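Both of the next two complexes hold chain A, though its partner changes from chain B to chain C.
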Partner chain A sequence: MEDEPLFADRPEWADVVPLEQYEGVIPLAPIFYTNEYKDATNYFRGIVKTGEMSPRVLDLTENIIRQNPAHYSAWQYRYKTLIFLNAPLDVELRLMDELAVKYLKTYQVWHHRRLLVQQTKNPAPELEFIADSLQIDTKNYHTWSYRQWILAHFNDDALWSRELEFVESMLNYDLRNNSAWHHRFFVVFQSGVRKGDEDRAEVVRRELTFVKTKISTAPNNASAWNYLRGVLDHSKTPYSSLKSFVTPYSVPHSSHQDVTSEDIVDLENPLPSPGAQLPCVAAIEFMADAHESNGGDDLMRATELWRSLADEHDTMRKKYWEYRIKEALQNVR
Partner chain B sequence: MAQPRQSPDDLYATETSDTQAETEAVLLKHVPADPESPPPLQKAQHLQFLVRNLTQGFPSRYTSQDASQPWLLYWTLQSFSVMGVAMDPDNKQKAINTILAWQHPEGGFGGGPGQAAHLLPTYAAVCALAIVGRPGPGGGWDQIDREKLYNFFLSLKEPDGSFLVSHGAEVDVRGTYCLLVVAYVLNLLTPELLEGMPAFIASCQTYEGGFSSASQPYFSAESDGTTKLLDDIRPPLGEAHGGYTFCALASWIMLQPYLNLQDPASPRPSVEYKRLMRWLVQMQGSEIELGGFRGRTNKLVDGCYSWWVGGCFALLASQGVGGGHGQDADHTSTTHEDEEWDDVEEFVWNKLALQRYILCAAQHPASGLRDKPPKSADSYHTLYCLAGLSAAQHNIYPSPARQAQLDQAWQLPSDEQNHELRKTAFTEALSWSEEEGTSHVLGSQANRVNATHPIFNLTMTHTEGIMSHFYKQTVPRRK
Partner chain C sequence: MTDLDIGNKLLVPLHVSYIKALGDSKDDLAYHLTAHLRMNAIYWGLTALCIMGHKDALDREEMIDFVMSCWDEQAGGFGAHPDHDAHILSTLSAIQILITQDALDRLDVDRVVKFILSLQQPSGVFAGDSFGETDTRFLYIAVNALSLLGRLSELDVERTVSYIRQCRNFDGGFGATAGAESHAAQVFVCVAALAILDRLDEVDQQTLCWWLSERQLPNGGLNGRPEKLEDVCYSFWVLSSLSILNKISWIDSEKLTSFILSAQDLETGGIADRPGDMVDVFHTHFGVAGLSLLGYPGLVDLDPVYCMPASIIEAKGLRKGWKALPRRSA
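Right, the complex of A and B next:
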């Protein structure tokens, strides 16, 4: 941009009166802008004042956005101008392909895309574009919520059809990516019932099998345990029904070494990987919750587990585990 | 102190565990030899960092914040307030004049002069005015065009109870939070404005317990040609996140006076507090992370979540969840059956550990506060680290005695519209009080910072000042 002339030096802009940012006010804590930025935004204020919507406004707003992609007013004005001029939006989308990747972390690049796609009504290529962007920044909040919006807003069966495959590819790359886990929950449980998923009990079984496998690979993964809890809560399945799966994770390795050496593999209840660092805090917590909901004598087992978390395995949350103990005992009285 | 344990990666490394391990290696160097004696809070240096920006201006790399000028000022002014520093009258007046230059002719405030009005800078501008402004000509408060502001708010409202942050812009719970704070402070609450907001907020809670940025509405086509918002399919967009969770929870609490005025027989949206509490405590990093907070599951700790997540516990406690809910010193008059439980002054989170993170890792060796080492300091992190430190030091709770006192002193305003709603909002907002003798300052007492309002992030004094003006009330002195 530095080799481009200032707007003040361009004859085709001579008819526009640039507007200084502060007039009659000496601002406290001003930002020291570059000349290029000051020049472009002065002309932008001039344009906003006259309400001009012309092709040169597109040049000007692009110039500002490249200097400061968070300039939401420039984005808004640009969109209004595009619509007013009936400009080709596919061209605009290609420009956005470049800018979105450059300025992944700004709200505006993603929102502008949304507005465009709402006009073009062609969501299918977006999924691929998003997948590519997520290769660069695997947990980008805007990118993931944009994907969820594309799916929900257009709500087309063809769009939804390959989402599980997509989530799995993301989790194969990094099974600790919480954004991918959230996406899975969004797709499977919160967006209506997709074709082939009508048998909800079967869907829950499928998801439990999936998450158990992921837990067995790397047990100390909070995302997977949260997903497991999410599936159980959503389907109102008691935690205690998973005791046989969770138990080996809640104790040190030695306690189940004999089992791993056997040839029998229980596919329903995969065992922790050889590299697993046990006991796993999330498994102890899970067992305690399962015991608590059983109530009765199991309550003491729950409090013992919470005590072990407070004193040994998860001391940062000592106060929380002690609170859980008090609450549980309180409810019995 | 024994060397803290590294987070287990189960001998299965991925991008997440790799960046986690790198961060832990850096943070380990900041673990203090004596956990009870962290480095002191370098107030003088942090003040110097802020003053330099204020008087000399912001260097050109801050151009990225050109659309957030009210934020830059609010972060700076509120950091002063938290550190107990006020500005001289000259600079106050300069600040007021600058803020008024951001007001949009059609209502609301923009990110700078000539920029479109937007809910986020509107919050920042109004809060900055709460700190430096005053009534009367040139004082800033009476120059806010409240009527246009209210109409601006309404013009952003969506059928699902959410709000666009600006015309033609995105929807998210930050907008809801900013709008509600401004409506509270400037006395603009109406049922028309609030209708549908609670259900929207509740729909943003995810399976993890925290809140997302927004949710997606689905509508059914009715036989009469209209559409109807569906209750049972309203998925959150994006995962549970510390910043959105603070905004959603604070909004939820600001909506309670409205909800309590609804017909008890009508359906009431709900938030799952226990799941939220579990998620909040899980955000606190382990010993090797010095007890700092992360903003999402399996992400890195960051100083700003000291406030966004650390600040949530007082809000949650105000709803009777998670212990540590404060108590009036003279509470013998009311008899609780569960007195024994109530007496236990305990918190569910580790307040001392958070202070350790802020003092040991979030202070830049030169000046200002930051995300984590070795990053540089900035105004945003300086405020939210300091506000988080404040949340960790103080125990602020809504005092029933104080609310009763405010209620008694309430003068019926001449404009009686929505009187009950506004009165409750006023007395609840100003009932937040510090529990006597319960502050926990890690290290020297010189590390103590001021308490800040758990919902607004203004000091109590500034909150009382501006609210008493706009509600035309005289606030009784605290006993």
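Right, the complex of A and C next:
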């Protein structure tokens, strides 16, 4: 772009009257533009004033966007012009493939794309584009919400069919990617029942097996534990039904050696990986919740675990654990 | 004092001069790229100054003139800068600045209300402008602005609340749009909007407050999502939500306070996203706002629902039942 002449020096723009920006000395709001930016935005104000929507407006707005991708008026005017000109939107989308990756954190890039795809009604290539962008920033909020929007808005079986596979590849790359865990919940539980998934009990079993395996690989992964709780809450499965899985994670390594010898072939309940840091706070917490919901004598076991979190394993949240103890004991009386 | 001692205190005079100097950065090349946030930046700067007890550090008349120069006569809202189109983000900041400066008489309230209401979509969410991007941020802004202007009665509350409900996730949190991941900043906008609408019954408080308290990391800082890095601005998003839900004590305030203070620039003033990074007015504002909620000595009370000085909100009769930590004496 440095090699391009200013719009003021281009003969094909000679008929447009550039409009200087508001010039006043305003403390707290001075803006000192580069010449290129001033030039382009002066011409932009000029064409907005006359209402021109022509192919050269596309050049101009692209120029501004490349200098400042957050210039929302330039985006807006560009979109209107594209529609007015009936311009080929697939060409625009290819340009956006480049710009989205360049300006991944800019809201406008994603919104413009949404508007385009709503016109082309061709969501299929988008999933691949999103997968590629996520390689660059695996937790980008805009990219993930765009994917959720594509799936829900077009709601086409073909689009959904490979989502689980996609999530698994993202989690294989980074087991701690909360966005990927969220997406899995969105796909499996929050967006309707798809063909092959009608047996909901079976789906819950599949998900439990999945998350247990992931926890066993990396036990101190908050995202996986949250997912486990999400599945149980959603299917109204009591936490206590998972006690035999969670127990080995809630105690130090030495004490689960005994458990190992008894349950060595239990594929339903994979054990923590040998190098894991134990006990795992999330597991202690889970066991306490399981005890609490059982009530009765188990309530004391819950308060003992909360006490150990407050005093030893999770001292930063002392106030929270003490609140849990107080609440539980109050409910008894 | 050694550097260590200095870093343990909020350097109020230095931050005041940092905010004042923002208006003089005439050779700052990065400045034009933030033009779309200029109105917000003034709101952040002004509110941080108010919380530090230095409201008058910036000239009132100049500020009001600037705000009014951003009025978009065609749309009936404010742009972020004199030549920008109206946007809901800058419109709320303009309203907040005018109220803080006691200059609301300059505002054409009827037109602004009309502009804001025109942005509500059939689903209940709000768009930011006529370009149509939607986000629970814009929904909160609309609710906040209408409430500040005393015109909440014109809002379709049920439709608004039902969109927030669609954004609630299995972890108790809220996302930017229906189906999107929980994120602490989006939790704040949804919880604060529900607080203004007196609909906190829509929140799974037990799960959400637990999720929010889980945002604190061993270094004391807060993150916005599980397994992400800490950032000073989450001090506000997380603390304000917990304060609205009356669970702010679940955060280890001593550790968070020292984390925020460690992100100060001891030479130029200002607060960064985390220690060692470049400071900016956004993180300076949210750092100071967080410290106010944590009861840091000498600061002025901040209303976590509206993110404005608490006395202003109280005077308007809009105070909700939030609780911050008691103000400590120095």
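Heads up, the rule we're going with is that the second predicted complex is superposed on the first by the 321 of 333 C-alpha atoms of A that agree within 3 Å, B and C clash if a C-alpha of one lies under 4 Å from a C-alpha of the other, contacts with A are read in each partner's own complex, and residues count from 1 in each chain.
Simple rule for what comes next: a residue touches a chain if its C-beta (ideal position, glycine included) is under 8 Å from a C-beta of that chain, and two chains touch if they have at least 3 such contacts.
Remember, predicted model here, so these are calculated numbers, not experimental data.
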> Is this a clash or a fit when chain B and chain C both end up on chain A?
Replying inline: clash
> Now for A:G230: first (chain B), second (chain C), both, or neither, which partner does it touch?
Replying inline: both
> First (chain B), second (chain C), both or neither: which does A:V91 touch?
Replying inline: neither
> Can A:G192 be said to touch chain B (first), chain C (second), both, or neither?
Replying inline: first
>> Per the contact definition in the header, classify A:T138: touching chain B only (first), chain C only (second), both, or neither.
In response: first
>> If you tally the residues of chain A touched by each partner, is the higher count for chain B or for chain C?
In response: B
> Which holds for A:A218: it touches chain B only (first), chain C only (second), both, or neither?
Replying inline: first
> Pick from 63-71, 225-233 or 333-341: which stretch of chain B gets in the way of chain C?
Replying inline: 63-71
> Do chain B and chain C land on any of the same chain A residues, and which?
Replying inline: 21-22, 26-34, 37, 41, 45, 68, 70-73, 76, 79, 107, 111, 115, 139, 141, 144-145, 148-149, 152, 176-179, 182, 185-186, 189-191, 221-223, 226, 229-230, 233-234, 316-320, 323
> Where on chain A does chain B make contact in their complex?
Replying inline: 19, 21-23, 25-34, 37, 41, 44-45, 48-49, 67-73, 76, 79-80, 107, 110-111, 114-115, 138-139, 141, 144-145, 148-149, 152-153, 155, 173-179, 181-182, 185-186, 189-192, 217-223, 226-227, 229-230, 233-234, 273, 275-277, 280, 315-320, 322-323, 326, 330
> In their complex, what parts of chain C are in touch with chain A?
Replying inline: 22-29, 31-33, 35-38, 41-42, 45, 58-59, 62-63, 65-66, 69, 81-85, 87, 129-133, 135, 169-171, 175-183, 210-211, 213-214, 216, 218, 225-228, 249-250, 252, 255
>> For the complex, give me every residue of chain B touching chain A.
In response: 7-12, 14-17, 53-55, 57-60, 62-69, 72-73, 76, 91, 94-95, 97-98, 101, 110-116, 118, 166-170, 206-208, 212-214, 216, 218, 233, 235-241, 275, 277, 281-282, 284-287, 291, 296-299, 322-323, 338, 341, 344, 346-350, 353
> For chain A, which residues count as touching chain C in their complex?
Replying inline: 21-22, 24, 26-34, 37, 41, 45, 68, 70-73, 75-76, 79, 107-108, 111, 115, 139, 141, 144-145, 148-149, 152, 176-179, 182-183, 185-186, 189-191, 221-223, 226, 229-230, 233-234, 316-320, 323
